[in-house]
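We just call them A, B, C and D in the order they show up, numbering each chain from 1.
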């Protein structure tokens, strides 16, 4: 891979409008959707830092989720516009950890969380070391911040 | 493919319990879920008639959806247990048409619909003729019924 | 309801970015998501024409889906940016019909469809006539176009 | 509420068949679905222990999710049949904690996790103490096990 990493280790998505289909009969958003919103921000984080998931997959690598945690602080409602921030928390040779915050259009924090990821080979499903250029970048980001 | 077709052209799934996550803020099931339930019954229909989607995909074929129609007759509620029936309606050289009915545990019809499908090659995304053994089978089923 | 209708009978959503979670193992978007995208455009159509679903629901009315049809013309892929247009097709005393078109960022049409809706009372679940101001508006839009 | 608690503090759902729609383009189940499967097992756990979510909601109470954690141990594939177990981990005056394990039809553990829940009033959205009969029951279950 010959992709330059230009980002600063954060990714931010604004204007995610809550979909009617994301609500449940409690009258607000079902908690599984926040996990999908994390993913949207994670993909933006990767993209902003020169990590192109489409290319990674074309090269036969996958980046599945090892773990996810979410704390639901306040409900999200149909029509809310959300800002989602993602940050690299840490990276080792085998896993990348990312942190998330979701804030609504009134500035209220509605959810925070994190996820861990590893690279695997699509064919063998074996674990692959985090590519060195990604690992170095994330370590450096964490030192700087 | 050397799979025998043993079914009678119908597939039936019983005991699909409505999930909480499938409801929306109207207090009943969001209408996109019926499309997913159709798929569950379609997969059962294929399986019951010797058409194994996993094998088809391993051979490099895909069977995407060309069209879908659904009529929502009565709402489905969290906790309802649904029966879903699928039938082969017709088959041509290039497309298969399937019909669906969803009935709840009180015997009330909640939804009917249909979908059309074609085989494509995973790599080229070109249209493939419906494999002869599948087409013959479906034509025969329709004559018999 | 004392809401002025200012729209022209069309609603358009641009920049709906395909989510990773919306793909399936065929490698492109699962067909149930287009139904949810229709809804996003429908809500925008209502909003642009002064029909506020939140207010309607607070007044004890619901606007469920009676039917939906979708034709899948071309696959949508992770990362695609979609434009979704919605138009009022027709309105009677009891139902509203809406048409949809989804186009990707290369200008390729990927899906078209329509849906029908009726007003019901949240409590009784009885059918309610389409409020006169909505019906008149839609009839007028259809005459003009 | 005059519901007797007859369960033993565990709930188990077997035969959850992985839906095609639950896969993503990695070729296995998207990680947001495990959160929904946890919910299915949680609802079974509540039901088996005499806690009826439908009745609770009719009484104006909601039981939203405060937090969720999932560890993804092995991928789940389309067609897999899953067993999901849920256990009461602990209960305080204000929150209930539940643990989950998902095992596939080969006996392989694919996911474990937990979630925390609190009762709130539907109208005021204020926190409500965990009803005494539920709290006592859960404390007793934990002593016995």
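One rule holds for everything that comes next: a residue touches a chain if its C-beta (ideal position, glycine included) is under 8 Å from a C-beta of that chain, and two chains touch if they have at least 3 such contacts.
Model, not experiment: these values are computed from the prediction.
Of all the chains, the one whose CA centre sits at the greatest distance from that of subunit A is B. Separating the CA-averaged centres of subunit B and subunit D is a span of 30 Å.
The distance from the centre of subunit B to the centre of subunit C, with each centre set as the mean of the Cα atoms, comes to 25 Å. With centres set at the average Cα position, the gap from subunit A to subunit B is 34 Å. Counting partner chains per residue, subunit B shows two or more touched chains at residues 20-21, 25-28, 32, 36, 39, 78.
Under the stated contact rule, the graph of chain-to-chain touches is complete, every pair of chains being in contact. Against subunit B, in their complex, subunit D makes its touches with residues 17, 19-21, 36, 39-40, 43, 53-54, 78-79.
Interface residues of subunit C, counted against subunit D in their complex, comprise 20-21, 23-28, 30, 32, 78. Every residue of subunit A that touches subunit D in the complex is listed here, in rising order: 25-28, 31-33, 35-36, 39, 57, 62, 64-72, 75, 122, 125.
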